[in-house]
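Following are the structures in question.
Shared chain: chain A. Partners: chain B in the first complex, chain C in the second.
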Partner chain A sequence: MIAAALIHPHGPYIDWAALSPLVALVGGSVVVLMVGLLRSRFARTQVVPFLTLVSLGVTIGFVIWQWHRHVAAISGALAFDQLTGTITLLVAAGGIAATLLSWRGQAPRESAHGDFYSMMLGSITGMVVLVAAQNLVTLFVGLELLSIPLYVLCATEMHRAASLEAGLKYLIVGSVGSATLVYGLALIYGATGSTDFSGIAGSISQGHSSDVLLLTGIALLTVGLAFKASIAPFHQWTPDVYEGAPTPVTAFMAVATKAAAFGVLLRVFDVMLPAEHLNWRPALLVLAAISIVVGNVGALGQSSLKRLLGYSSVAQAGYILAGVAVATTLGARATILYLVVYLLMNIAAFGAIVARERMTPYGDDFDAVAGLGAEDPWLAWPLTIAMLALAGVPATAGFIGKFFLIDALVGAGYTWLAILIVVGSMISLGYYLRVINAVWMRSAPGPSASAAAGVPVIAGGSPEADALGQTHIELRFAAVVFGGATVFFGIVPQPLFDLAQHAANTLSGAL
Partner chain B sequence: MLSILIWLPVAAALVGALIPLQRAGGLLALGGALGALGIAIALIAGYSGHGYAHVTDVVWIRSLGIHYALAVDGLNLFLVALTTFSFALAIAAANIRDWPRPRVFYLLFALAESAVLGAFLAQDLALFVAFFDLMLIPFYLLLGVWGGPGRVAATLKLVIYTFVGSLLMLAAAIALAVLTSEHSGQPLSFALTTLAANPLHKGSQEWIFLLFAAAFLVKMPAFPLHGWMPDAYREMPLEVLAVFSGVLSKVGAYGFLAIALPIMPLAAVHFQTLILVLALCSIIYGSAMAFTQTNARLIAGYSSVAQLGFITLGIFAFAPQGAQGAVLQMVNHGLVVAPLFLIIGVLAARAGGSDDIRDMGGIAFRAPVLATFFLIVAFATLAMPGSGNFVGEFLILLGLFKTKMVFSIIAFGGVVMASVYALRLFIRAMHNRVGPKVASGEMSLRNALVLAPFIGAILLFAIYPQLQLHRSESTVTGSIVREQIDTGQNVRVAELTGLPAGWIAYGPNAETTIATGGANK
Partner chain C sequence: MNATHAAWLVLAAPLAGTLVIALSFKWLPRQTAGWIGTLAIAVSFGYSIVAFVQLQSLSPEHRELTSSLWTIARTTGVDASATILVDPLSVFMILVVSGVSMLIHLYSVSYLKGDRGYARFFAYLNYFVFSMLLLVLAGNFLLLIVGWAFVGAASYMLISFWYRRASATQAGIKAFVINVIGDAGLVLGTFFIFRSSHSLDFVATFRVAPHVFAYGSGGITAGCLLLLVGAFAKSAQIPLHTWLPDAMEGPTPVSALIHAATMVTAGVYLIARMHPLFQLAPAAQDVGAIVGCLTLLIAGTIALAAVDIKRVIAYSTMSQIGYMIMGVSAGAYAAGLFHLMTHAFFKALLFMAAGSVIGAMGGEQSLDRISGMRKALPFTFICFLVGGLALSGIPPFSGFFSKDDILAQIGSRGGWYWALYAAGYLGAGLTALYTFRMIFRAFLGEPNPQARELEHGHLFHPEQPTNPANGEVEDTDVGFPGPDHVIAERALPMRVAMSLLALLAIAGGIVGIPKTTSWLENFLAPTFAGSTIHLAPSNTLIYVGLALGTVIGLGGIGLAWVVWVARPGSSTVIAARLAPAYRLFAGKWYFDELIDALVVRPATWFGRFAQGSFERVFVNGTLIGGTTAIVRAGSAVVRSAESGFVRYYVAFVVIGLSGVGLYFLVQS
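Presenting the complex of A and B:
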C-alpha cells in the first residue's frame, strides 16, 4: 500500500475495482433519487424500483467479479474480502426482496418513490461499509449510514400513526444505541491508542488485556451492537418497530440489518478482540441465552404476525449470536450459514404476509392468513415452509442451519447452550405452528366479517390504490422463490457450507 | 434401488398434485405406494439373511461428514415391507372416500410414507434424525386439516410431545457424533457403523441414551409419555390412523434396536431395569385402559401401548429370542392394528358415524364376512396360539424369562388382559343387542378388497413366521451382542453366534469391532 502511494504521487491510490460494489450502490442511490423527481408517473412508480433492482444486481455482479481478491482499500480503512462479499450478497438479496415487496405498496407512494428507494440503497451502502470497516471510525460511519435511512424508512407510511411512532421509537432507541457504541469506541481508543482493528489487537496482545478502560469500552461496544442486532435485553424496540413499520421495510430490517450487524460482530470480536475472548465470551454466551429465552417466550402470545416475527427474530438473533460467541472457525461458519438461511426463510414469510395485507382487510393479524391453504396454495406453501424452517424442521434450510450451529456449539464444549437452542426451538413450535394452524386448519373469515371490520380510511390515499383484493405477481414471485430456495438448500445444503467456509476463511487467521 | 423405494411414493403423488384432476391425486398416490410395495417384496425375496444389501452411500453434506447412506438388513427388511404394505392399503382405503382438497391430502400421505421408509432405511444417524423429524410434519397436517372436531388441540399435543422428543434426539445425535470423533480422533462422522465401532465412555453414553430413549418412547408411545395419544387417536382420520399406529410406533422400537443398543451398549445395560419397568407399566396401564374405554379407537390405541410394551420388553431382555420376538411382533402388531382401525371405520359408518362401542353391536350375523375378518384380527391381537402374534409374544417372554424372570412373570398377566380387551371389543361391536342407530349390512366389496390382504398377511405369518425369523436372525443377534457381554449373561450364546455377528461385522471397522468386543469380554 505504501509502495502504491509512492508510485502515484498525485494522490492516494484507490482501488476502484475493489470499491465497485460500493460505487454501484451509491451511484444507484443518486440516480434513483434523480429519476424520482421526474413528473412522469410511470417513471416514478415503475422505472425507479426497476433501477433499484438494476443497481443491486450490478452490485451483486461486482461482488462476484471481485470474489477472489482480498483487498484493503482506502488506506486500509475498508477490507473487501470474502466476509464482506458474502454479507454484501446477503444484504443486496435482502434489498432486492424488499424492493419487490414494496413495488406497488403504500410506503413508497406516500414518501415519493425516489426518496424511498434511494434511502434503501443508502442503508445498504452503510451495511457494506460497516462490514468492511477495518477501524473504529469507519465502523461508526457505516453504522450511522445504515441507521439513519432506516429511521426514515420506518416512518414512510406517513398517514398511519403506527408507522410514525415506529420511526420515532427506532430513532430514539437507535440513537441511544449509537451513543453507547461511540462511547465504547472512544474508550477502546483511549485504552489502546489505536483506531485500527489490527492495531488494537496488537496492543491488547502486548498486555493491556485486563485494562478497565478497555473492558468498559468493549462492554459498551457490545451493547451498542446488540441494539442493532436486537439481542435481548436490548430488544425492546424490536416488536414495536417491526409492527409499526411498513411491512416491506420490516422485512428489510429483519434480514439485511441482521446480516450486517452479525457481520460486524464477527469482525469485531474475532478480528479485533480475539485476545480478549476470555472476557467477552461469557458475556456473549449469556446474551445469546437470554435472547433465546426472551424471544421465544415473548412470541408465544402475539396476535400480530409482524410482532410474532419480531420476537422470533430476537430468538433467532440469540441462535446466531451463539455461533459468534464460541469464537471458533466452525462457529463463524455456522453464523454465516445461519444468516443466509435466516434471509431465505424470512423473505418467504414476509412475502406472503405483504400479499395478504394487500388482499384482506385484516392487516397482519392472524385472520389475514386464515384459510389461506384452501384459498391460495401458492402463498400458503411458502408461508408454511418458512414457519417450519424457522422452527428447524428437516428438509428445510432451517434444519441445516440449526444442525450446524449445534454442531459448532458441541464441538466447542458448550453443550448447555446447544440444549438451550433445542429447548428454544421447542417453545418456538408453540407460535410457528399457530401460524400454520391458521393457514391450514381455520377457514377464512366470512365476507360479512370483513365488511364489518371495514377498511380504515387513509387520508390522501386514492380509492383505486387502496383497493383490497389485488394479487401482485411480484409478491408471489418473491415468496415462492425464497420458499423454494429454503427447501432446496434444505436438501442440497453443500453450496451454503462452501459459501460459509469461504467467508469464514477471512477470519480463520485470527481464530 | 432404495432411493427409488423411498422417493417413488412422494414423486408419484407430486405428479398427481400437479395434474389438475381431482381424482388423479389418489390414484397416482396409490400407484406409487403399490410400486414401493413391489420393490419391498423384491427386497425380501432377494435378501440372503446376512449383513447389508443394496447399500447406497453418497456424501450428502461434506462439511459435516453426513452421508446419504441407505441399506437393507435383517432388522429393517420386514419393517420396510410392513410400511409399504400398510401405506398401499391405507391409501387404497382412503380412495374409497372423497376428501376435501384431495391432491394435498394424498401428497402429504405419500410424503409420510417416504419419510417413514427413509427412517427405516437410513444408516447414517443424521439422516435418520432428519427423516424421523420429517415424518411428523405430514401427519401433523393430515390430523390438523382432515381430522375430527377437536383436531387443532390434538395437533398441538401431538406435535409438542413428539417434537420435543425429536429435538432432544437431534441434540443428542450431534453430541454423540462430535464426542465420538473427539474420542477416537477420526473425522466427524454420523455413520452408524462408525459410531458403533467407537463407543463412548459410560457417562456420556448415559445422558445421550436418555435423550434418545425419550424420543423413542414418545413415538411408541410408552406409559408416562403417551399423553398425546388419546386426543390424536380420537381425531385422526382412520385411514391415516391405521398407518400412524401400525407403522410410526414401530420407528421408536426400531430406533432402540438399530441405534440405541448398538451404539450405546453400556448405557443400555445401565438403564435396562428402568426401561423394563416402563415397559411393564405400559403393558398394565395400556391393558387396563383398553378394557375401560368405550371409544373403539381408544381401545385399539391403548392396546397398542400395551403391545409396544411387550416389544420393548423383548428388546431389553438382551437375549436373542427376545429381540427376535420383538422384531416379529413389530411386524405382527402393524399387520393387526392397521386393519383393526379400518374395521372400526367400517363399523362406525354403520353406527351413524360414532366410534363408541355402545352405539355398535349386533351385526355379526348380517355381515358374516366382516365378522370373520374382525374375529381373525381380534384373535391375532390377543395372541391366540396359532397366530403370528403368539409366536412373537412367546419368543419375547422366553427371552425375558432367561434374563429377567420376575419381569417375565408379571408380563404374563398382560397376555391374559389382552384377551379380555380384544374379546370385549369384538363382542360389543359385533354381538349383543343391535345398537340404536346401527344400519346393518355387509361391508362393500371395495372395503373387503382392502382388508383381505391384511387378513392374508396375518394368516401367512401365523403359518410361516420363519419367513421373517430366518432373515432377521443374524442382524438382530448382532444388535444385542454387546449387551449380552456387558450383562455377563448368555455369553455362550454370543460366542455361538460368533462375536462379530450382524451388520457390525460388515462395516469398514470390522477389525476394531472384534478388538473392542474382545476387550469388553
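Presenting the complex of A and C:
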C-alpha cells in the first residue's frame, strides 16, 4: 500500500475511461451553456442544439467503448457496468430525440437556447449518476441532479401559463417525493449503519430483516422512487405536468426519466435489498396492479393527446414495475427490454404529435391528428405504429416487450398480474385505437372550425413565433426512424434480447 | 455464387417487383408495371437456373443446403429463423413456378392492357409469385406457414381483382374461407409434429422423426391427417374443392397461374416435402391416395356437364391434381411431381388459349354460345389442341408420359391399389372425353356471329359489358374488366408466351420417358433417397400402361367426335336417357348444397340463436355492459381525483405513503 502510494504520488487513481460518458455529458453541458451566450443568432439557434447532439453522440460512443468493462469508480460510489451502460444509451437516445423535437420549438427560444440544452444535458447527467449509484448519498445526488433541471425545463415556455403551472406543480409535488425519499434513506442508514449498497445488503443478511426502522425506510424509499417513475397512486402530477410542459420536454420526461427511475429501482431492490424481497415484493406487485388499472381507465375519454400519453405512461410504468417486482433474472431482462421498446414507441408518437402541434391550430387535441392519414402518411404511419405498439399488437416491438414481461411473471408464479396486464392492454385499445381512428377514419376539421379554434394557447406552438403549417424535417425523421425501429424490432427482436441479457447479467449475481 | 445465394435472390426479385410497382404506380407510365413485373420474374427464373446448375455441381449426397437470413426467436423450445432449404425438390419447384409465372406475366402484359387496375394486377401477381416461392423454399414449418397463408391471401386478392363484381368478391371470400380451413389444418398438424420433434426445422424434424414417432402411431397419423387437410384445401380436393371453380371469376391469367399451374399444386408439394413423416403414417397416405382418386373421378364427371369454358378447365385441374395427390400419397413422388410439371405447362396453355377465345367472344364464356372458332382463331386453335392432346395423354405429348408414370407406379404396389389403377384409367378416358367435348364445341361446327365477324378482320365488342356469370350489366371503370378484349392473334407477347408453353407441352415429357431418359427421377432422387417405399414397376406394367393410355385417350377423343361432331344432337339424347346421372354431374354432385346443409345452415342457425338469446342477454347485457360500466365508473373516479390542485396531490402522496408504510410496518 505504502509502496503503491510512493510510486504514484499524484493522488488517488481516477479511472477516466470509465467516467468518460459522464465527462462528455458534463463537458457538453458547460460548452453548450457558454456557446449559448454568444451574440450570433445562428450560434444560439443552430450550433447549440448541434453541440448537444454531439455531446450525446460522444457519450454513446464512450459507452460502447467501455461496454465490456465492469468498473466501480470514485471509491466505489459509481458502478459502470452494463446496466449503467444500457440505461445511459437509453437516456442519451431520449436526449437526442428531445433535442430533435425541440430544435425549432418554442421552449428553447423563450428560455434561451444555451440554458435549455444545458439543463437537459445536466438532467441526463443526473440520470446516469442515479443509475450508476452504489450508495445512498450518490443516489440522492443523482436524483436531485435529474429532477431540478426538469422542474425548470417544464416551465421554459414562460409566456404560457400552463407551462409555468406544470413546472410549479412538478416542483412542489416533486419536493414532497424527494423529501420522502431522503427520509427513507436516512432511516435505512440508521438501521444498517451503512450507506453503501453492498454494506446494507450485508448488514441485512446478518439479521436486520424485520427491523422496523429498516422497513419504514424501505417504505419511504419505495414511495420516493415510485413518485419519479409515476406509479399510481403517486402519479397524480403526471397528466397535469405532461400536458402543461412543452411537448419535447414531455417526451424527454416520458422516456428518459422512466428509464433512469426503473434502472435505479432495479439497482435498489435487486442489489441493495434482495434479502428483503419477501417483504417488498407484495408491495411492488400491488403498486404495479394499481398503476395498470388507474393508468388504463384514466386514459379513456381524454381529449388531449399528451394527457392520454401521460395516463398511458402510468399504465406502462405498472407493466414495467411488474418486471422489477418478480425479482428474477428473467424479470430484470423483461424490464430492460420493455424500457428500450417504450423509448422507441413513445418517441415515434411524440414526434408526430409535436409535428402536428406546429402544423395545425389545435395543439395536442385529437383534432390535430384527424385526417392525418390522408394528409401526411409519413407522420400518420409512425403514430399508428406507436399506438399499436403501446397496445402490444404483434409484429411491433411492443408485443415482444409485453410478451417477455408476461413470460417472466408467469414463470415466477404471478399469473394473476400477467392476466391483469392482458386485461389492461385490452382496455388500452379503447384509447389507442381512438387515436388511430382519428388519424385514418376522420377527416380533417374544416377551415371554419380552425377559425373558431382561434389562436392556439396550447403547448408547443405559438403564433407569434411559429407560422402554422410548417413541416419540420427533423420531426419527421425522428418519427419515421423510431416508428421504423418499432416495427423492425418486432420482427427481428434478437438484438434486444441480447442487450437485455447483457444488462441483466450485471444483476444476476445478486438475484 | 452458390445455390443458397441464388435461392435468396429468387425470392428477392418478385418481392422487389411488387414493392416497386405498389409504391410507384402513380408515376409509372402505362404498361411499365407489366414489364417491371415480368422482368422481376424473369430475374427470378434466371437465378433459379443458377441455383439448379450450382446444385448439380455438388455430389448427390450434399444436395441439401440450408441458409438462414436471421433468427426470429431462438429461446428455449423454439428455433424459429428465416431459413430456406435448397434441395432438388425445392429447386425443381422454383424452376416450374418461376418459369411458368414468367410466361404468364408476359401474357398478362397484353391481356390486361385495357384494365384500369393494370399496375395493381401486377403488384398482386408478383406478390403471389413471391409467396409461392417462399412456400416452396421454406426450410422450416414457420416459413412454410407464412408462405402458405400469403399464397392464400394473394389468391383472394386476385380472385376478387374485379372487386366491384359481386360474384367475384363472393368467390374470393369463399376461396379464402376454405383456404383458411386448410391453414388451420396445416398449423395444427405442425403443432402435432412439433410437440414431439421439438424443432420447426425440416431437416432436423425429418432426422428425428423415426426416433420420436412409432410407425403408424396416433400422434404422427393425426399430424399427417391435419397436414392433409391443408393440402386438400389448397389443392382443391374433395370435399374442400368447391372454391376452385368459383375462383374462375378472377382474370384468366390468374386462373392459368394460380388456379392451374402453381398454387393448387402446393398440396402435392407439401405431401412430397413431408414424405419422411407421411411414410410413418400409412393411414394418412391411404387417405390421401383415396381422396385423390375420388377427386379425379368426380371432377372428371362434372367437367363433362359444365358449360362455362373456364370451369371445364378448372374441373379438369381438380381432376389432374387428384392424379398427383394420389401419386405422391402412394409413394410415386417423382411421378407425381413429373405430372405437376407437365400439367403446369399444358394447363396454363389451355387457360391462355381459353382467354383468347373469351377475348374473341367479347367476354362470353359459355360453351353454348362459343362455336366454330377454328378459322377465326387459327393460332389459338392450335395451342388449344396441343394443350388438349397433352391433357388427354396422347403420345408423344407430355401428359402421356407423366400420367402413365403415376399409374404404372401405383399398379406396381399391387393389392387394393389396383382399384386406384383402374380408376386412374377410367379418369383418363373421361379426361379425353371432356377435353375434346370442349374443343369440338368451341372450335368446330357452325361459326357463331362473333367468329364470323372476326373472320372478316373485326374483333367483336359487346354493346355493353356484362358479367359472364349472371349477365348483369357492368361498366368498364376500375374494379370491372376494362373495355378492351384481346386475342392472341393480335398480341405478340401472348403469342410468344403461348408458343413457348405449347413447345413445353409437346416436348416436356422428354425428361421422364420410362426406361430411356428418367432425367427428372434421377434429379429428384437425392431428396427421396431416404424413402422407405421403393416402387419398381415391371416392364410389362409400363408398356401395357403406355398402350392402354394411348388406346383410352384416343377412344375418348373418338367418342367425343361421335357425340359432338359426327352426330350433333346425340348429346342431348344421351343426357335425357341418363337424366339422373346428368343432373348429378351438372349439379356438381351437389357438394355446394351438401356443405350448405351440413355446415353453413346449422352454423348460421346456431349463430342466430346464440345472438338472440345468449349474446344479447348475457354477453352484451351482463358481460360487456357490466364491464364497460365498471371501466367507465373507474375512469370517472380516476379523472375526478385529478383535480389540478397541488394540495390534493400532496394529500394523495401522503395517503399512499401511509398505505405503503403501514404495510411494511405490519411486515416487521
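Keep in mind that, in the parts below, the second predicted complex is superposed on the first by the 494 of 511 C-alpha atoms of A that agree within 3 Å, B and C clash if a C-alpha of one lies under 4 Å from a C-alpha of the other, contacts with A are read in each partner's own complex, and residues count from 1 in each chain.
Keep in mind that, in the parts below, a residue touches a chain if its C-beta (ideal position, glycine included) is under 8 Å from a C-beta of that chain, and two chains touch if they have at least 3 such contacts.
The model shown is predicted, which means the values in this text are computed figures rather than measured ones.
Undergrad: Given the alignment on chain A, is it a clash or a fit between chain B and chain C?
TA: With chain A aligned, chain B runs into chain C, so clash.
Undergrad: Applying the touch criterion given at the start, work out whether A:W237 contacts chain B, chain C, both or neither, answering first, second, both or neither.
TA: Only chain C is touched by A:W237; chain B is not.
Undergrad: Tell me which partner A:G373 touches in the superposition: chain B (first), chain C (second), both or neither.
TA: Touch status of A:G373: first partner only.
Undergrad: What is the contact status of A:V212 with respect to chain B (first) and chain C (second): first, second, both, or neither?
TA: The second partner, chain C, only.
Undergrad: Does the superposition put A:V293 against chain B (first), chain C (second), both, or neither?
TA: second
Undergrad: Is A:L220 contacted by the first partner chain B, the second partner chain C, both or neither?
TA: Touch status of A:L220: second partner only.
Undergrad: Under the stated touch criterion, which partner chain does A:Q134 make contact with: chain B (first), chain C (second), both, or neither?
TA: neither
Undergrad: Answer with first, second, both or neither: which of chain B and chain C does A:Q494 touch in the superposed model?
TA: A:Q494: touches chain B and chain C.
Undergrad: Determine, under the contact definition given at the top, whether A:T180 touches first (chain B), second (chain C), both, or neither.
TA: second
Undergrad: Just chain B (first), just chain C (second), both, or neither: which does A:S163 touch?
TA: Neither partner.
Undergrad: Between 127-135, 163-171, 199-207 or 469-477, which run of chain B pushes into chain C after the superposition?
TA: Residues of chain B that run into chain C: 469-477.
Undergrad: Pick out the shared contact residues on chain A: the ones touching chain B in one complex and chain C in the other.
TA: 430, 493-494, 497
Undergrad: Which part of chain A faces chain B closely enough to touch in the complex?
TA: The contact residues of chain A facing chain B are 333, 373-374, 377, 388, 392-395, 399-400, 402-404, 406-407, 410-411, 415, 418-419, 421-422, 425-426, 429-430, 433, 436-437, 440-441, 493-494, 497-498, 501.
Undergrad: In the complex formed with chain A, which residues of chain C make contact?
TA: Those in contact with chain A are residues 70-75, 631-632, 634-635, 638-639, 641-642, 644, 646, 648-650, 652-657, 659-661, 663-665, 667-668.
Undergrad: With touch defined as at the start, can you tell me which chain B residues reach chain A in the complex?
TA: 61-64, 101, 104, 126, 129-131, 133-134, 137, 140-141, 144-145, 151-152, 155-156, 159-160, 163-164, 167-168, 170-171, 174-175, 178-179, 188
Undergrad: For the complex, which residues does chain A have touching chain C?
TA: Against chain C, chain A makes touches at 168-169, 172-173, 176-177, 180, 210-212, 215-216, 218-220, 222-223, 227, 233-234, 236-237, 239-240, 279-280, 282-283, 287, 293-294, 297-298, 300-301, 427, 430, 491-494, 497.
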